[in-house]
Amino acid sequence: MPSDDAVQSDLEQQGVFFSTLNRFYNWGRRSSVWPMAFGLACCAIEMMATGLSRYDLARFGAELFRASPRQADLMIVAGTVTKKMVPQVVRLYNQMPEPRYVISMGACATSGGPFRDGYNVVRGIDLYIPVDVYVPGCPPRPEALLHALMTLQSQIDRQNLKQVRWYGKKARPQSQDFPVPSYGPHGLEIDGKLVDPVGSLPLISSYSSPMEGEQRRDQIEHPELVRVFPDMERELREETSASYAEALEGEDQHVRR
Amino acid sequence: MRDLIDGLLNTTLGLGAPDWLVSLISYVAIVTIIFLVAPFQMLFFTMYERRAIARMQDRIGPNRVGPEGAFQPIADGVKMFTKEDIVPAGADRWVHLLAPCVVVAPTMLLFAVVPWGPGMVPVDLNVGLLFFVAISSISAIGIMMAGWGSNNKFALLGAMRGVAQMISYEIPAVLSLLAAVLLAGSMSLVSLVNLQAGLPFVGMLAGIDLGLGWLIFTPVGFVGAICFFIAALAEGERTPFDIPEADSEIVAGYMTEYSGMKFGLFYLAQYILNFLLCAITATVFLGGWQFPGVNWLYERAISPANPAGNGLFNVLAGVLGVFAFLLKTYLLFYVMIWLRGAFPRLRVDQLMHFGWKFLIPLSLVNILSASLWVACMQWGAEQGMGAIEGWSPWARLALAFVLTFAINLVGYIALVRIQAPTRRRPSRLTGSIAVP
Amino acid sequence: MLSTDELQINIGPQHPSTHGVFRLLTRLEGETIIELTPVFGYLHRNHEQLGEANSYLQNMPFTDRLDYFNSMANNHAYALAVEKLAGIEVPERAEYIRVIMVELTRILNHAGAIGFLFNDMGAWQTQLAFSMREREKILDLFEMVSGARMMCNYFRFGGVVRDLPPEFLPALQDLLEAMPAFIDELERLLSENEILLARTQNIGILPKELAISYSVTGPMLRASGIPYDIRKAEPYSIYDRFDFDIPIGSVGDVYDRFLVRIEEMRQSRRILLQALEQLPDATGSHINPKARQNVRPPVGDAYTRIESPKGELGFYLVSDGSTKPYRYKIRAPSFINLTPLGDLCRGHKIADVVVILGSIDIVLGEVDR
Amino acid sequence: MSDDNSELSARQRDEARAALQRDLPFALSPSGSFPSPEGGPDLLATSDIVVEAQQIAAVARYLRASLNYIYLSNITAVDLLAHGCFELVYHFYRLSGGPALTIKTRLPREKPELPSLTPFWPGAAFQEREAYDLFGIVFKGHPDLRRIYMWDEFEGFPMRKDFVRQGDKYLSE
Amino acid sequence: MSIQIQRGKAITVDRRTRKTPMGQGLLRGLGVIWKHWSASFQKNDSYKKIQGTFTIEYPEERRQLPEAYRNMPILLYDEQSGHEFCTSCFQCERICPPQVIHMTQAKDPATGKPVPAVESFEIEYDACMSCGLCAEVCPFEAIKMDHTFELSTHDHPSLTVDKTALNRPTTYYAQIAPRMWEEVKENAYKKLAANMKRRSDLIGIAPQMQEQLREQLARAPQAEPAPEAVASASTTADDKAARLAAIRAANAAKRANSENGQAAQGDATQSADDKAARLAAIRAANAAKRAAQQAQASEAPETAPSESASPADDKAARLAAIRAANAAKRAAQQAQASEAPETAASESTSPADEKAARLAAIRAANAAKRAAAAAEKGQEE
């Protein structure tokens, strides 16, 4: 975290009390991360195994899997997120109160994993909600999930009481509701615009992680594009006329060299 | 408590404080202590439950936050305090906000009548049990408010279940307490505890006071204790009766829409209520602070009856009494945890079935036994007539034991037999085709 | 008469007890169900479509993720299908190793199913913890041979990836030694427990005739009283060499389904003991050295099925002579066992839905594929 | 092992074919109603029983009533794009054991309609809905023919071979 | 009706419903739990025990992972010579079920001919399904499965791992999987020795070892690159087109890079962009090659002269290359543009780039495919 040191020194200037309070606050949050009982697929079984005898997530104070998102701090997206499931996942995330964290467990939740070329599979949940920690693996070992929890804890340690969302209207990164996609005839839509067509790549970019401000890295790329690149030919012609000659030139040079 | 303050101010310091000031000071002190003790109990209980149930499941439980996980509940508290507070869209805002308070406040009030040790009862009401029963049912309103105010179907379902369950199980709870009240002839919790001095089974008959004459050693008390404890499980929403918040069926019941400290309050109320239910069971049936040595110490301590006593004994009696009381309470809570670790929950209709068709009749039978017991023990003392008038107290006790034991056993067996599982018709199935 | 309104409730897709992402549209009258419609597709991961874009070998790891509890059984069914399609022989030792793995899978699946039943009924994970403890031990064995806990990817066309490591057999012996105690303990928790009897007996009764016309398979079919086990009915691999019984139920309710599962765990242990006894005599290596993994089967189709822990798991493959299957269809037991759910639940309470669903023992990876 | 099974299944098939020939001769499909493309593999060639699509319900009921194939295990749709048809494959079993009896039927891609088996085997309901969802095959007489995996608003049938897909997997196609 | 069961029988399970329930079942259940509770003060460390605390306290205690354990693929290099075992035979890239492996073959800078060594090698750990097929098919024992599972991070792009991060010395692998390495060691070194003869200069040396070996290698006599089997293929028009495409894409990427460098952003930006563009280039090249090969294969049965076919293919491939190049350029520009306002968020831009690049690659491939198909059709007509 590049901004972390600055924040820390900033804090020191403001006095020991605030710094201590911040530390206490972070300690409280890191020691009591209650996950939501929310499993999607294969990884959910490993998530359960993590909570049970052999690995015992409870040691970290995180065994109280809450059934209601209102009482959960952590959403472990454990498994493949399909297009049909995304609206529910986003809605659940929106229902969680701040501070909330997301662990994207396993390859599928991170990037679609082995199923990423499937027509109904989302290429990573970070297209729709910001993710704090990614755990690769298919599925990750329970130990890897514990490691992810520790990574999350170390991240929470670096958070700053002043920048925590929802305290006061002026806190910079505001708590926000993330847009819930809706089902459309060709894929998922946000505000009537196709964002994740079935059988094609998503037309939106992923969210940056919350530490970086939770912004979408890029806006909807081709809002006018319906279906699987039907404008390919037209685009092809345009590009050809513009850059074919140039490219040929370059090639000639290369050949000569 | 008031006596203590009075003694401190007027006798020891000789200030001659007016009556109202003593009362005021004592109430403030009581309230402060209760507000300190109650959350501490809750914190301890959550930790206790998590560690104990982890052990039952071959694992360790929270052990990384503080030494052996001791600060885990504090961390939970900090987190809950700092969590965002959400009022769901479409919720009835004020009802939603008030519900947790309505649930927590009565449970706090209940602390007022719990006798912690000899002479250590905040308020010695002469209708202590009635107070307890009456106040504890107020939280049903809070639960209904929570369910209604949340604008959530699961919450509503949970609230309905919760209220139905609480109201149904009030009855067996009251009936089984009634048996104890019959024996004691008083509704004061202090007099109930005082009754249970002496030896097991015989009470004060032998004249030796070991503080073990608990009601649970009599057939009446035993059945009463079981009935009350089961009803307490239902009222405290513990497994196997945790139906209002059955997370595998209706998400989190009436708490579904509550976040942050509002949820924390429900959590608090629940654990405090559990503590109190265990405490009342311990007080009424397990002798409260009665323990070998407590009475002996207390008799030698300063009190209005014995102004020449030793102040140190007062402290020792208090410590031992509180220790005994808490030990019993925690053991009872261990039983609750144990049940939670072992059993699934009942279905809502089975719960009602069990409450109305088994528990209530059994406690009625128990009341019959209790009145017989009272009759046997007291018959002839004043009335001066009857067949057993001239019997020695030992013979009367034996007769009461045999009679009540027989009645209770017969009642239990008969009820179990009646409850033979009813065979359910298979539900109407469509698409059934005769297959060769 | 009071007139009551019907209440519509969506159980799922995110719901703690749905064994995955799965939605039950229920219409309630009070707490009694008048109609229940399952809605799935929330985990539709396009296995079949991806399977047609993959080569035959590439599909093997994908089968792991179908029924993610029983990857070995899925591997087996798929390997059998490709072997049938391409005409590959399997050495005897490989067959024994396969049987050992699949039977271990069955034990862990059934133990898990029973644990989840308790969880669904509201026990606080304890029985699940016991089940998962045994599962962990079995997964240790799987990890030893295949390198992964859940997604074993262990079977190959004509055998298995690698031979059993030397530490495997002693560990398996130890495990089998402790197995009866574990099963007994589970049964002690399950049978005669009054709460459990009240919750499971006469709940979700599926009569024989209905079970057949609903194409139900596996323990569910057997609990309805039909002794149909593919290991006996159409023996594949080397299952005709083992002595074991088929447990059947008499009523066909939830309780029977779980008693059948417990008994099947015992029978699986029997098979394992026999397999361990016969394994040293088995000939051949762990894989047919002539079998090419980059198969290019002749044009044609093949359907094979095995008795997976959840029921009949079938693979229907169509080959067009290339390295990729032209059609790759999975006949998933959980998917078809779900068909009677609506009928089973009608007239019961919400709480029973969860129990009935748990007794069907579904895995959404397989239902939605 | 597998030899026994294949022999057994061949015998079963022949018996069933003979019985169908005897009792439902009109149901057996005339072969070659769909053209095979030149060059490509002929996926239509099969030794299994091929029946007329519209008669599938009659055949299935006959199999159940007369030949004791009471157990319908599997329904598969195959999109034979090059041949211009869909093939539906049904697998039936006897409860007394033995391998599957495979019944195939073909229907044109333009108008894929055939009778549903759900009224006779309620267990076929989900499988037929699946075939409808992914291939667009319409089962007449199905009580609840809706999409099962994709959402209701979705257009198109993703398992058809001509459904456009993009992704790394399809780079080499 | 019913099935004939050989070697066994059907047994009806005992429902035990005859007894009147008196609560004894509950007590027995409680007894089981009590046993577990009381035994939980000891450890359960044996497969024979079913009671006792079973927990492994993970960060402090770790379970011994079995040798066969597989998590993510890694590449091996020989510590002595510094040579990587990988020869970029593309076997793993082809078998990889989720298609997460991307590589390019190294070329001799002097002759431009391919050398059995790998130039760039990237694995998307975030989509890897840990199936181990890549390690299984590798004929040179170059790719192996790692045991490290502690890979969780907040940084998604960092999960695309390049060669430098993938390389591990053989001693590392021998340590985690001694038996398995012993089995294949000899074979691996034999093949490596053969391949080392065909590598010149620093080609095929692990980046970790390059500094160390630079002087040593400079002193050593230059090995003459042996004529290769691969080289013969390079004479065909298709392959040439494909190669051109790759080079073109690479050039574009390089250009994009240099532009970035001029913009004087941080190193991180450059590497991120570079990575994205490189991925695009690799994919475009491979796709074009495959498309070309396919086109060629489809031609084979026909007797049509290859002259008429090859220009069309060439054109298709060239188009693909242009598109890839354009896309890469655009991605780079976009990255640059988006960077400009906020100087700090250098890392955040790369996934967008990567996606754009991926998109570009796929589009390029599609275009190539389509062009090839069109060419074919044209021929038929």
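Read from first to last, the chains carry the letters A, B, C, D and E; within each, the first residue is number 1.
The rule is short, and it goes like this: a contact is a pair of C-beta atoms (placed from the backbone, for glycine too) under 8 Å apart; a residue touches a chain by one contact, two chains touch by 3 or more.
None of the values given here were measured: they were computed from a predicted structure.
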Could you give the fewest steps needed to travel from chain B to chain E through chains in contact? 1
Intersection of contact sets, chain A vs chain C, gives B, D, E
Of all chains shown, the one whose Cα mean is least distant from the combined Cα mean is C
Using mean CA coordinates as chain centres, what's the gap between chain A and chain E in Å? 23
Where the CA atoms of chain D average out and where those of chain E average out, how many Å apart are those spots? 39
Please tell me the distance, in whole Å, between the geometric centres of chain B and chain C computed from their C-alpha atoms. 46
What parts of chain C, by residue number, touch at least two of the other chains? 15-16, 41, 44, 46, 49-50, 53-54, 61-62, 125-126, 129-130, 133, 136, 151, 189, 193, 195-197, 201, 212-214, 226, 228, 232-233, 240, 340, 368
Name the residues of chain E that each touch 2 or more other chains. 1-3, 17, 21, 26, 29, 32-33, 36, 44, 53-55, 57, 97-99, 129-131, 358, 362, 366
Could you tell me which residues belong to chain B and also touch two or more other chains? 56-60, 247-248, 251, 341-343, 421, 430-431, 433, 435-436
For the chain B and chain E complex, residues of the former touching the latter: 52, 55-60, 338-339, 341-343, 416-417, 419-421, 436
For the chain E and chain B complex, residues of the former touching the latter: 1, 17, 20-22, 26, 29-30, 32-34, 36-37, 40-41, 44, 51-55, 57
Can you list the residues on chain D that touch chain A in the complex? 149-156, 158, 163-170
Considering the complex alone, what residue numbers of chain E touch chain C? 2-3, 5-17, 19, 21, 23-26, 28-29, 31-33, 36, 44, 46-50, 54, 65-70, 95-97, 129-133, 136-137, 145
Taking the touch rule as given, give the residues of chain A at its contact with chain C in the complex, in rising order. 37-42, 44-46, 48-49, 51-54, 65, 67, 79-80, 82, 84-85, 88-89, 92, 108, 114-115, 117-121, 138-139, 141
